[in-house]
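As written, the chains take the letters A, B, C, D, E and F, and residue 1 is the first residue of each chain.
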Amino acid sequence: MSQLSHLDRDGQPRMVDVAAKPVTARSATAAASVYLNEEAFALAVEGVSAKGNVFAVARIAGIMAAKRTAELIPLCHPLPLSHVSVDFDTDAVERCIRIRATCHVSAQTGVEMEAMTAASVAALTIYDMCKAVDRTIRIADLRLIAKSGGRSGSFVAA
Amino acid sequence: MSQLSHLDRDGQPRMVDVAAKPVTARSATAAASVYLNEEAFALAVEGVSAKGNVFAVARIAGIMAAKRTAELIPLCHPLPLSHVSVDFDTDAVERCIRIRATCHVSAQTGVEMEAMTAASVAALTIYDMCKAVDRTIRIADLRLIAKSGGRSGSFVAA
Amino acid sequence: MSQLSHLDRDGQPRMVDVAAKPVTARSATAAASVYLNEEAFALAVEGVSAKGNVFAVARIAGIMAAKRTAELIPLCHPLPLSHVSVDFDTDAVERCIRIRATCHVSAQTGVEMEAMTAASVAALTIYDMCKAVDRTIRIADLRLIAKSGGRSGSFVAA
Amino acid sequence: MSQLSHLDRDGQPRMVDVAAKPVTARSATAAASVYLNEEAFALAVEGVSAKGNVFAVARIAGIMAAKRTAELIPLCHPLPLSHVSVDFDTDAVERCIRIRATCHVSAQTGVEMEAMTAASVAALTIYDMCKAVDRTIRIADLRLIAKSGGRSGSFVAA
Amino acid sequence: MSQLSHLDRDGQPRMVDVAAKPVTARSATAAASVYLNEEAFALAVEGVSAKGNVFAVARIAGIMAAKRTAELIPLCHPLPLSHVSVDFDTDAVERCIRIRATCHVSAQTGVEMEAMTAASVAALTIYDMCKAVDRTIRIADLRLIAKSGGRSGSFVAA
Amino acid sequence: MSQLSHLDRDGQPRMVDVAAKPVTARSATAAASVYLNEEAFALAVEGVSAKGNVFAVARIAGIMAAKRTAELIPLCHPLPLSHVSVDFDTDAVERCIRIRATCHVSAQTGVEMEAMTAASVAALTIYDMCKAVDRTIRIADLRLIAKSGGRSGSFVAA
């Protein structure tokens, strides 16, 4: 059985040594979905078409959070991100806002966690801005969509 | 139709004024689920029973993240948290780790976002520690379970 | 001659003890102006009318910075801000964007620095977003416009 | 008409991708001026000649703020700064403290924002330390003085 | 045998609930000593008498660190510090710099950790500024000197 | 007599320019000791053997603090750490917990301060978790154990 790379031989956590890995161009895209009730969905989408505010705030929150990933996730390496973007789609049938966050870096380790953190904080920000009209908001499907670069090669979610 | 409280009359976001609200004891519990493949689930759970490390790291990450909620979520108020806890349950049938985060505060506004952020960062930390053996980890069901205190009264998720 | 309150009797800086001061409702408004060349001003204002993006980003940056004032300004007290807003006006004659930031708190000390920091970081964010088309952007007139609450009474700039 | 580089084709903000740009040695110097009333100016300058405290605190605040620029300015890239300095001059005629902040880096993007942030936070710190004796302090002329390195070449303010 | 208050009944760490404790005025003073070789001690002390710089930087670092204690120490509560000071004494016989850090707060829990963190970061800053001329610097005797306020009463180190 | 490298020719502190130094692989190990009374030592060690909690929390705190060294120590350069580990030993005779922290980086300057900060915050965290049963805990022997890489060559403490 393989091992969790964040634990040493005694099972103790440490920040894995990546010094011997080559610097390569790396990219990762993560997704999340925010499910809202009718009223909250209408207000959020209206916010989008009329003034862009709910999504504008969530986008900035996600981008800024990507830059602080290594402060939040204990064993993540600090990375000199070269690009972060966060985008939104709305699905009126499911009353759902879909988030995609993409990060790029030239580094010795990947940017999955930065993309996951950006998507997560963008989702939490939508939650925060809509929670006064919907206490049942649910964030789901937070996962990696694609990554490239690094020893383990490219990945695209099924 | 009601309004999103984080937007002013012109639809511009601001940090809502809570100065006139009474200070009351408030509590919130949020939940999240992390779905893993067979290998990652076994390693994480073994980590639990043998050395507690995966869950120990995720617990500390969640508690520390709760304290930084107002830095991450743009329109959240800074709150003097009086209690934070993060707990884990494992579901071998679903190969899922269930997270519950609870926050308490005496303040003029609630602690939902602190509990949601703690659960979210605990989940991301599990993701980070297991991602080397499972690229398909999925975080789901991030939502409010219960809250009490404040003008809007208590809430328990259905 | 009076003394700088941040220095002790030996002239050494310390965080002034405010424990004996009463908790009162306090408010402060700060202003700043950002002067742009023709091209940058047109793009920023177009950004405003069409999509709100330059100002949306600067507003969020200013609100978030207000919450981190005590981390940036060495001798500032941490304050539980109850309200922050940042607003913009454009002056086509002067090709200038005028910023106003307002903070409220119930505390033993005032919120001037939080309002000043919010206005300053909002201005720096406009600078950042427009600097590619104008290297001569100038931030000016960063000052306190009004304050209320506390022993020293209200103040309105001349 | 050119475009604001922080906005994508749809006018949405994102952290611009700098991955394809070469790493070059870059430098930037920013300036700011703090105008004080007679009493505050005398105390600040006395602080300088006798014990160095006002300027010592402001210098450290500026240097530390430079390192946190990417946390404050939403679309700034995190940069591995190789040098930061902050210096002060006093102008008794204008009753003004002039600040210069210089940053160096080897990176794919420039350090203007780091220098601007350092000058800005140094100015805010002087404001904070003198505000008890002067409510009319004004920060002005915050601007780029010089930059070098990078595709767009060198710049020296007129 | 008593219990570690940061662990719950199952031995899992959490941020202890202090909501039921009364708000009282609390104070704590911590100390640390930095031992230097002859050359580093002379340079640091000369720095003191001539320009105050080593101690000025260390003092500001300690004060700022006190405000970030809850970010660094996982189970510490965020506290609205009302006062922080850091002072230095030199002992030429022992070639030692002695640091004292004092914090005050009105809160439901004490400020020992804030005082300990301020003394610790002030000591690390002296280490950083002198390490180029002395690789054998040693920080010792980091401990609580006195505390007052709270249920457990006053304490003065023997 | 040599000079403190953090001070310029006028004795003013600045972040030293390391741009001309080569990027080399660097490593540093720091140590600290935490002395406890009988009850606290027994509880901490029991925590270790039974549930690992005291040391698990302190390890994570130390690793996370290493990543924030440049935020805490005013004149430290931000570094892209490639590895951080924190380990513990117990000495029942001295009733002492010994901490070792190791950091690696490929950079233009060394990682002593990161290792020292990790050891220091790990020690403070043990203090925090045990202080309810022992007010006389003492942190001592915080020092550099070894370093390698960089112009000044390797160093191993006597």
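To be clear about the criterion, a contact is a pair of C-beta atoms (placed from the backbone, for glycine too) under 8 Å apart; a residue touches a chain by one contact, two chains touch by 3 or more.
Here is each chain with its UniProt name: A, B, C, D, E, F = Cyclic pyranopterin monophosphate synthase.
No experiment lies behind these values; they were computed from the predicted model shown.
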Identity of the chain that, by mean CA position, is farthest from chain E: A
Candidate from B-F, B-C or C-E with the same interface as D-E, over half of contact pairs in common: B-F
Centroid distance [mean C-alpha coordinates] between chain F and chain A, Å: 31
Between chain B and chain A, distance of the C-alpha-averaged centres to the nearest whole Å: 15
Per-residue overlap in chain F, given as positions that touch at least 2 other chains: 12-13, 51, 53, 56-57, 60-61, 64, 68, 71, 74-75, 78-80
Full enumeration of touching chain pairs: A-B, A-C, A-D, A-F, B-C, B-E, B-F, C-D, C-E, D-E, D-F, E-F
Residues of chain C touching chain E in the complex: 8, 12-19, 70-71, 74-75, 77-80, 107-108
Of all residues in chain B, those that touch chain E in their complex: 25, 56, 59-60, 63-64, 66-68, 78-87, 104-106
Chain D-touching residues of chain E, taken from the complex the two chains share: 51-53, 56-57, 60-61, 64
Residues of chain E defined as touching chain F within the complex: 1-7, 11-13, 39, 42-44, 47, 50-51, 53-54, 56-57, 60-61, 64-65, 68, 71-76, 112-113, 116-117, 120-121, 123-125, 127-133, 135-144, 147, 155, 157-158
